[in-house]
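Multiple structures are listed underneath, in structure tokens.
What follows is chain A paired twice: with chain B in the first complex and chain C in the second.
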Partner chain A sequence: MKKTPSQILQTPAVRALVALLLVLAYGVARNGNGAFFRFGTHRDMLRSVSVYGLLACGLTLVVISGGIDLAVGSILALGAVFFSLATIHWGWSPALAIPATLALGAAVGAVSGLLVSWGRFQPFIATLAAMVTARGLAKEISDNQKVSTVVTMADGTSKSAPLPKVFGMIDQRVLGDNVAVVTLIFLAVFALTWVLLARHRWGRELYAIGGNEEASRLSGVPVARAKMLAYVLSGAFAAIAGICQAAQEQQGDPEAGAGYELTAIAIVVIGGTSLTGGRGGVGLTLVGMLTIGYLDKILSLNAVSESTRLILTGAIVALAVLAQRSRK
Partner chain B sequence: MAILPGEVHVLAGENGAGKSTLMKVLGGIVTDYEGTVEIGGETVRLRSPQDAARRGVAIIHQELSLVPTMTVADNLFLGEMPTQGGFVRRRAMDDAARAALAKVGLDVPTDTPMERLPIATQQLVEVAKALRHKGKVVVMDEPTSALNVQEAERLFGLIAELKDQGVGIVYISHKMDEIERLADRITVLRDGEWVATRPAAGLPVPELVRLMVGDKGVAPVDGSPWSRGAELSTEAQAIAQAEGRTVGEALSTPSTWEATSEDSSDAVFASLPSADPPTVLPSSRPSFQGEPSSEFALEVEGMTVVQNGRRVVDGVGLKVQAGEVVGLAGLEGSGNSALLLAIFGAFGRVPGTVAIEGQRTTIRNPKDAIRKRVALLTSDRKTSGLVLPMSITGNATLAALPRLSKGGWRSDRKERDVAERAKADLSIRTASLDLPVGSLSGGNQQKVALAKWIETNPKVLLLDEPTRGIDINAKREIYALIEKWKAQGMAIVVITSELPELLLLADRILVMHRGHVVSEMARAEATADRVVHAAMNA
Partner chain C sequence: MKNLALLALVAVALVGCGSSSEPETKTASSGTPTSSGSGSTAGKKFRIGMCQSNNGEPYRVQMNNDILAAAKEHPEIEVVLKDAQNDSLKQRAQLEEFVQDKVDLIMISPKEAQPLTEPVEKAMAAGIPVMVIDRPINSDSYTCFVGADNKKIGIALGQWLKSKLKPGAQIVELKGLMTTPVAQDRHNGFLEGMKGSDAKIIFDVDMKFLEPEARKEMDSALARFPHIDAVYAHNDPGAHGAYLAAKAVGREKEMMFVGIDALPAEGQAYVAQGIEAASFQYPTGGKEAVETALKILKKEPFEKKITLESKFFTPDNVKAGGELVK
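Up next is the complex of A and B:
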């Protein structure tokens, strides 16, 4: 079947790309005295947006299944704090600390997933509970202090511990200084998410559940298990984001990631993945991430204040949803 | 079409004839129409339901349009609450609500939440709501579908009263006895076009049916249904559907709109005299009495389902042989659908035993059932059958995904092959298999739902209303498919609310009433009368 131009314009991918191109065109027009044309600008944009991208990948899985995960920002903080404690204070090797942090994030996600799948909680409520709890855990294990190389001793004096090498390894640029490791980590997670959604049976099951949960159940789809796994991966990805954040800040901040879940949701929505479930994909999320990332970068190049940037981002989210709705 | 004061004007027609859509125009729900509506000699343009209500058109909808969490009084005055300075005048509203309820003979506390009332009472509240306005025209779209006999009687009494008051009543119904009893005049619609308006007295039932069905529809009641000899091509029909039907003289002048109405109950033929059993059927009908149990593909015993404290299915047994089609008749709520769901594991583990090919098995959930090669086509493809936003391929392969994927990884090629084969075998008409299944016509959607189950390679095929809401050609195709699968040795159970269809398909008929099987008859001894009789009273 040949598609008419207007039909092509109505596919979510094209709509998302149009939004991105508009933002890029704005960047070309208001290029901050040529700063927009420098490679470093794009590299740094990718570095700073990668943490959000990691959260958005996990969220995409959950949203396609018809759910929502508000806990990702808090899990990021919990991961950052735990990873810093383990490597700086407890002297764990990265080979142990990294899997342990991922497992911790996955465990929090599993709790959300259990509440949603078997407890039949609304995803909003279940992950709201997980969000508050994870934030509390992050503060609990860190004594509500930033976990850094400055270690307070029992007698009140403090000494400085060496920063484990792994922090520097993650927060560096590789391939001839051209790309941040954090960006590579994001790309790996993105690729994993994509291949799961596009090629794995579980991905198909997520779409089916988001599209019609009852029909899926009656078609033998293991609904509870599939939904559970989405929250587990979302938690694990958020923990990875936490490790990246800790590396970039060289400390584990229990207050980190507050509000990040909302930015991640905005990224997913701007991409065009439907919050009602069953439609969308992580490719769209990538476009959404670039849109948000570039918008923020271009506005800061033009010395637009943070408050104005927030207002504009909000407007973009509203417009994106409006554009999606006019599709039908 | 004109509606006179004090008459009951029955609007008759098959599914998709345009009855409900026409009424939506009158009710101000469909506002994008051509043509004119005159009320009391004045040409009006109805722009919203409130507009229609103000002008004296009251609509009683086929589906309840009530807010379940709000009270009876709130529902009665939804959108038009008596207020003072923006605050609701509670007491005035309650008084008016009681008065409105009294008119339909209801005595329920006005502060009862709607959802706590039985469906029939809700329906009567809906009637009270429509009658609250001093209407010139009252439209009733299958108002008795949820009512029992007494409640329906009360409604008929009400209709007589309204007639005496000079109200014009438009009555949409599929039930021939109601039409015969109530109608003063009858207008027949077919495929969105006006066919005839006649005084009811001069229109005997067979003639009415002929008008409704037209030439194309005669076959299922008299001829051989297996021949695909429907001369009207479905493509042509699909195109006609896509372009929107023209409702000719229905509203004084031609009106067109997108016809999407799909009536949920499809019992046009339900009270027709029974057809003779078709003679073209393969005569491989197995005998089912006194055979050893291992002969049965499916044996169910003592199946019980309890919902809200009521035994919806109460210790039912069922035996089906390979290559046999068992019809499971029963009115809405008789438990026949619940029985199939229970066998399929949709309610989890319930009391009762299931044996497949003589092997006792436990079916804990639908996944189990599929693994044990039991398939269930649910009665409502939109809510429980298909994933509408997903592609045809995705839907057709959904139940067979474990088999079609290796180590969890899907194979697009295998899935495409499956979908292509299903498209050919079931004559699914679509431009592309990548289209969302929701974009297909009802008949093609139903074929995709069937394809999904055939792909699981079932030994036992449970079909709940396999032809609901689809056109006559698609119905015939599905009949032919059922016949084919039967010849391949599947054990098939069919639920259908259309008696001729039941008599046509089933080798043996079980009739359920209030959770029990109350009657069993071989096809040779089954007639529409007997089935209806059994279904109505235990």
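Up next is the complex of A and C:
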């Protein structure tokens, strides 16, 4: 079926691009002494937004199923702290520490999923509880301290341990210095999410559940299991984000990721995935991520004051959502 | 539907409990929690209640450790710590608990001045001496204040940097949360200390005392300016984040990084590793507070306002334990 030009303009992807183009135009106008036109600026933007992108991929799954996951920022911190403890202080090899960190994130996601699917909690409440609990766990296992190569002893002196190689491996650029490894990690997770949503049966089930949960149940969709898996993956992706965060900071900070869940939700919404569920996709989330990433970068390049940044970011979110409204 | 609402209510209550649960208490003498209000301890021992504003900050954890370490030297005192988790009203409640508990002395490192001024006055009126640490309150009704002067530290850092820079140097300033007096003082003091220098601040932004923010902002500064001589960050994690950004583009040797706080595990370690050219200490005052508390309890003379001396650390003096800021 062919689409007329006006129909193409009405597709969510094109509408999502409106906000992105607007932001890019702003970047061209205020290019920070030409820094906006240099390749390194774009490469660095992609690196710093990748952590948010990882959270947004998991959130996209949950949001399409009609839920929300507020716990991703806290799971990021838990993952960062656990990964740092395991690799720096317990001497685990990355081959063990990385799967263990993912499993931990998935486990927290599974608890949210259980509460939502079988406990019949509202997703907001279940993941709010998980958010608070995961933050507490991050502070508990780190003893309220940043987990770094420097260990403070009881008498106030400190000794330092070597930084495990895996930190440098994740926080480096590859392919001729052109792309950060964390960006590649994001792209891999993005591709996995895309395949699951667009090509896999489970993805279709998520859309069906988000569209009409009762009808899906009656037509034989395993609703509880499908929803549960969305939260598990969201938790695991947040743990991956935690590993990336730790590598970039060279430490596991139990306070890391506070407020990141809201940025991730903004990315999903700006892309055009509906918070009521059933509509959207991770490709849209990619556009949302670029919008937020570029806006942040341009404001930073121009050393714009914090107050102006907040106002402009709020305005862009509102504008992007407005552009998503159907114009019937 | 009713069921669901009930469940939600329970969940909210649970979450509420989680964040406002009993404060963690620690004692210097045994290191195990004590139940508050146990009057069975020997009468000779002085009991000190310490209201910490937020154990989530490394600086405050260090202050707690300094207090506990100093208290360990004096078996006649026992310190109970409460953490207000960055909440002024929670801190007020914990202060009132200590008053109810009739401890011999209260220490408080207030989160904010206004909400805690009256509670401190009431504790004083109840006959309990109150020592205010680090941040002031809005009245003179306290026994003793122990704190450092951020503006002085900013001035000292500015003067030090001025002496190290070539003429016409270009500086990046990564500011802390500019809505706080801490960041304002560190900024204004720095400008005052730099007076008379022709160095230029070419890029200044608010990184909110957060390392990931500092790294992101420094990325931008590096993209924009082909040459930078120095980075002044309002805290050491900020300087560390800026260093990592410069290192990622191979420019970390081009500029020097200076920061404030000089905690053993952060600033002092960064200086020792050659990351920071200098870190200026923001002392916790834990040791001084305990020593003054003893004077107060034993009715010996003491100064009402104690301004802490600060040290600075450079690669040359870090092994020797730093140098006093004049």
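The rule we apply is simple: the second predicted complex is superposed on the first by the 314 of 328 C-alpha atoms of A that agree within 3 Å, B and C clash if a C-alpha of one lies under 4 Å from a C-alpha of the other, contacts with A are read in each partner's own complex, and residues count from 1 in each chain.
Methods note: a residue touches a chain if its C-beta (ideal position, glycine included) is under 8 Å from a C-beta of that chain, and two chains touch if they have at least 3 such contacts.
Here the structure is a predicted model, which is why all the values come from computation and not from measurement.
Student: Based on the shared chain A superposition, would you classify chain B and chain C as clashing or fitting together?
Tutor: Partners fit side by side after overlay.
Student: Is A:212 in contact with chain B, with chain C, with both, or with neither (first, second, both, neither)?
Tutor: A:212 sits against chain B, while chain C stays out of touch.
Student: For A:221, using the defined touch cut-off, is the partner it touches chain B, chain C, both, or neither? Pick first, second, both or neither.
Tutor: Only chain B is touched by A:221; chain C is not.
Student: Given the superposition on chain A, which partner contacts more residues in chain A: chain B or chain C?
Tutor: C
Student: For the superposed three-chain arrangement, provide the angle chain B-chain A-chain C between C-alpha centres, rounded in steps of 10 degrees.
Tutor: Spelled out: centre of chain A as vertex, angle of 130 degrees.
Student: Using the superposition on chain A described above, determine whether A:279 touches chain B (first), chain C (second), both, or neither.
Tutor: first
Student: Touch test for A:204: chain B only (first), chain C only (second), both, or neither?
Tutor: first
Student: With both complexes overlaid on chain A, does A:40 touch chain B (first), chain C (second), both or neither?
Tutor: After superposing on A, A:40 lies in contact with chain C but is clear of chain B.
Student: Mind working out whether A:303 is in touch with chain B, chain C, both or neither, as first, second, both or neither?
Tutor: second
Student: How far apart, in Å, are the nearest Cα atoms of chain B and chain C after the overlay?
Tutor: 11
Student: Overlap of the chain B and chain C footprints on chain A, residue-wise?
Tutor: The overlap between the chain B and chain C interfaces on chain A is empty, containing no residue.
Student: Using the touch rule from the top, collect the residues of chain A that touch chain B in their complex.
Tutor: 1, 199-205, 207-208, 211-212, 214-222, 278-279
Student: Write out the stretch or stretches of chain C touching chain A in their complex.
Tutor: Its residues touching chain A are 3-4, 7-8, 11-12, 14-15, 18-19, 55-56, 58, 61-62, 65-66, 69, 178, 203-206, 208, 211-212, 215-217, 219-221, 223-225, 240-241, 244, 248-249, 264-266, 268-269, 272-273.
Student: Applying the document's contact rule, which stretches of chain A touch chain C when the two form their complex?
Tutor: Those residues of chain A that touch chain C are 32-33, 35, 38, 40-41, 44, 48, 119-122, 125-126, 128-129, 132-133, 136, 139, 144-146, 148, 150-152, 155-158, 160, 171, 173, 245, 248-250, 253-256, 296-297, 300-301, 303, 305-306.
Student: Over in the complex, which chain B residues touch chain A? Could you list them?
Tutor: 344, 346, 365-367, 369-371, 376, 378, 383-390, 394, 398-399, 401-402, 405, 408-410, 431-432, 435, 452, 456
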